[in-house]
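Two complexes follow with subunit A in common, the first pairing it with subunit B and the second with subunit C.
Up next, the complex of A and B:
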């Protein structure tokens, strides 16, 4: 059981500076859309990840989590803001400098069918990053490929197979091994278990946890699967329409959500028990388009707790000291309710 | 609420008995269904639960007579409204499929034709099954969309599938399936691919429709959360076999088969009770 916040620091020996390994400072990503309009996919996101720590980004589809992930690994250049790795600014780099960054942060893609070359064998898939990013000779690369297979608990006999000849779980392990090949410091996992069966899901998550303990890797998990987030992440960031609306230690956020959006997400997550008692807190309608956003709180139109002022002013993320350290939320209405009286926590699950 | 015993349902809507079959000419290489037997209670929600390769989808497809080409049934019967569906030919099946038993497929948008408006597709289906006039079919289509809580129906009727979100497309697929008033509705992974917030809305709608019309619903799913929340009866399948059949309460509170216990543990990921 990861102890939120505390377990993160001590795991990596000799981390040169005690600062965060990954820093995201005011990252904004806008896309131009037909008709000279703009779509704001990620809006002024601030977050830090420390070595050995796991954080999760959660939210509905359309909340901007995957776009943010792509900004983190430099697959997208943010419109504004800065991503720094180990104290070095990553955004805006070109050429060799940028290639060095790729070695420190790697992405495991959601869709293994689309991200593994179907015509390559597992061996070629794992060998490619080694050829591109290291000066190992073929023998050393072969040793490393076998090491990677052991690390993700795949049998070496699968090295000659192609992706189509593997199961979903095996393909996800190959994707993981490829990301680990260059020994990154940060791993970004985009819905790593979305396409897996239940029993396989648990195995892949345990594997990720083990590798993290062994290597001191920091993980950024993108997921809408709350049990998965609870299983892996020390801290959680809840995103809605490109902004972070709540953050804090995972267990505390899920047990006692502050922001109405978080509360609705937790309430909607099905629990595998017979008629588990549930919180009937529901949002109205569906996530709106990220174009032409309203000026007030982005959730106001769907929020059961909204009051008239919510439609006028966009709330900022502020510390909610009343319920523990490290908790932040962007909802003055809920924050005021907590300050004035202890809020009943969401039903224990 | 009384929870009737599962094993001896007095008046089941569907009785699958000894269903066995597979691919290849003999239906044995490989065999994918092995002596599958279960009953679906009338007027309530049930679920067939299993992982990839469990045979749950092919069982459901066999029930509506859409088992893939190459699949051969070697044994077993599918009892529905006093007949054995397993012996029916394609034409006989057409009188049942859609009107008596309907199915909503996993990816709702993929089961809608992208080149026709929603209103046209619904009306055409209704006409095909009931033979009513164009205007009557249109009216019935509008009513069907209102029935699944789609707002602004007049405008939505003219729109195309790509203009519908995942949750809305799922509602349209439901409307399409319910438009001919079937008695049994099969839902293949009705909530997979939808956000949890939307899932909850879709499931509430399904429960409401079932209660209002006395519709019997069978979910084909791996999501034990949805099953625990809404279903009364559960059939657990693995590798082409039924490993456990039980009332939902018994299944969740005292699962008998080790595989069921394993699935429950995997859903909770070690549990956060």
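Up next, the complex of A and C:
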């Protein structure tokens, strides 16, 4: 079943279906909290991911990235909106139908410690999805487990270890292998390198990149680590307080951020170069509570470029054609500035 | 669940049996043998003491110097002598034979009661914690009602409703134990439910029951096992308390609590109460040492 609006697909690589593999349409996630108040973790998010593509969701802590990730893989049922996988709607499914969805979309967890059953050996951890999702006999499952270990570059001698007996990098590889076991079409990675030290971070990232090239699966990377995002993602979505404020091809977004939030985010990322030219564009204060959202632009109170109208109307995500295709941002002030003048940009790196 | 080795073989065999039993929860076995010398002192003492208790109790079922149930094998209130090592009671039964014969009764009721409470309480608590909502609310209110009564009073009430017999005593003991296990397992499951491996288990194709019983429950058992270890000695005392107040066990059946009760008005014939009293003490001590030892071992091995 082809999904409507599949015409804009520009980055499909050899996929049978020409539509996006993952489509998120107006997904909103609200939680009830003490009293009659609501917390809006994800607000009306729209995004598409095409087969073989990797996109990244970036934003500071509390911007709703992980909640959105859980909505994508159907661990959470969105309050509103629809998630479609390969043209099929996956929101609202229950029981066995819900479990079948997990065959097509898998999640690599952030916490390598908490996401693996501490009492199980690596072998049982990798065997479990094979038991549940395939009718392989024990011998075939064993072959597949070894294949997965090779795929994530782990030695077979580790099969009898328990998570506590592995290093952080090894555990994350096990998490990756487990997610790959069912051969999903989309892999969501929730801060896959946040709990790793720098030396293993690069290895795991390279591994993810290699596996993606080899298997052609689509990746959704959740991260606040901009260099990591730059390394992996084709396109990037910048999230702030549950909404997407800017999107576009990764390199372009980072080179010429449009939205003040993106600009501040890029300016705040450390640069490993002595006396590198820096943009000292900074936001004021902390990310506000997702409980009592202001009526205007969510960033207005912290934004150095805010004008009075920012406090009144919530801006929508619109195309910014002036600086290249596929760029969208939710900031009329910056958009107007770009349209009328040469592009103000962060220094290129 | 702590297990008492039923035979007392070599010390090493016992040590392994205990160590295996301690980790033989629904999880996979641990690697590496446990050496007797490496075990906590309290566990060693508990193993030896419970081994001795079980051995003599089993032996007493095979042979005793006098019939444990017959009255008038000697004169009433005969003081300890070479014929009647622990003397005789008010109906002329041999206290020695009765004390050792009672061992298996008290140990059996205690262990089965604890085992039933453990299994039923933990399962119900796990389900309550996992499902939440109305199921959880009902489970919690019922266990609060049970726990708001003094244990012995509730036991007497239940026993008078159920009637006598060993099975009913086991039921009473188990029901009294269930709320403790239920609340503990519920709390553990509720905290483990929030961890990512519970979400991961769902993604790996588990049904809710699989998430609970394959993943959450085995990882929630450690504190429940510690509690069991401490709880068992309390249950041993509860069992003999029931016998003491004459609830459940039929008159004449050798049972430590009722034997202590039968001699309590005869201060001069101290032996009638003293020896079964010592036996109760030793059983409670053995279970406590085992429990303390298991907790020690767990702390040391961090599982």
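A few notes on this one:
Keep in mind that, in the parts below, the second predicted complex is superposed on the first by the 335 of 349 C-alpha atoms of A that agree within 3 Å, B and C clash if a C-alpha of one lies under 4 Å from a C-alpha of the other, contacts with A are read in each partner's own complex, and residues count from 1 in each chain.
FYI, a residue touches a chain if its C-beta (ideal position, glycine included) is under 8 Å from a C-beta of that chain, and two chains touch if they have at least 3 such contacts.
Just so you know, these numbers come straight off a predicted model, no measurement behind them.
Annotation: superposed three-chain arrangement on subunit A; subunit B versus subunit C shows no clash, the two fitting side by side. In the superposed pair of complexes, A:34 makes contact with neither subunit B nor subunit C. Judged by the touch definition given at the top, the superposed model places A:168 against subunit B, while subunit C stays out of reach.
Using the contact criterion defined above for the overlaid structures, shared-chain residue A:231 touches subunit B, although it does not reach subunit C.
When the two structures are aligned on the shared chain, A:202 is found in touch with subunit B, with no touch to subunit C. In the overlay built on the shared chain, the residue A:61 is in contact with subunit B alone; subunit C does not reach it.
Rounded to the nearest 10, the angle made at the CA centre of subunit A by the CA centres of subunit B and subunit C in the overlaid structures is 70 degrees.
In this overlay, which is a superposition and not a single complex, subunit B and subunit C have their closest Cα atoms 16 Å apart. Common to the subunit B and subunit C contact sets on subunit A is no residue at all. Touching subunit B in their complex are the following residues of subunit A: 60-61, 168, 197-199, 201-202, 205, 224, 226-228, 230-231, 251, 254, 264-265, 267-276, 278, 282-283, 286-287, 348-349. Residues of subunit B that touch subunit A in their complex: 51-52, 165-168, 195-201, 222-229, 248-249, 251-253, 262-270, 272-273.
Those residues of subunit A that touch subunit C in the complex are listed here as 70, 73, 75, 99, 102-103, 106-107, 109-111, 114-121, 124, 128-129, 131-133, 175, 178-179, 182. Those residues of subunit C lying in contact with subunit A across their complex are 27-28, 195-197, 199-207, 215, 218-219, 303.
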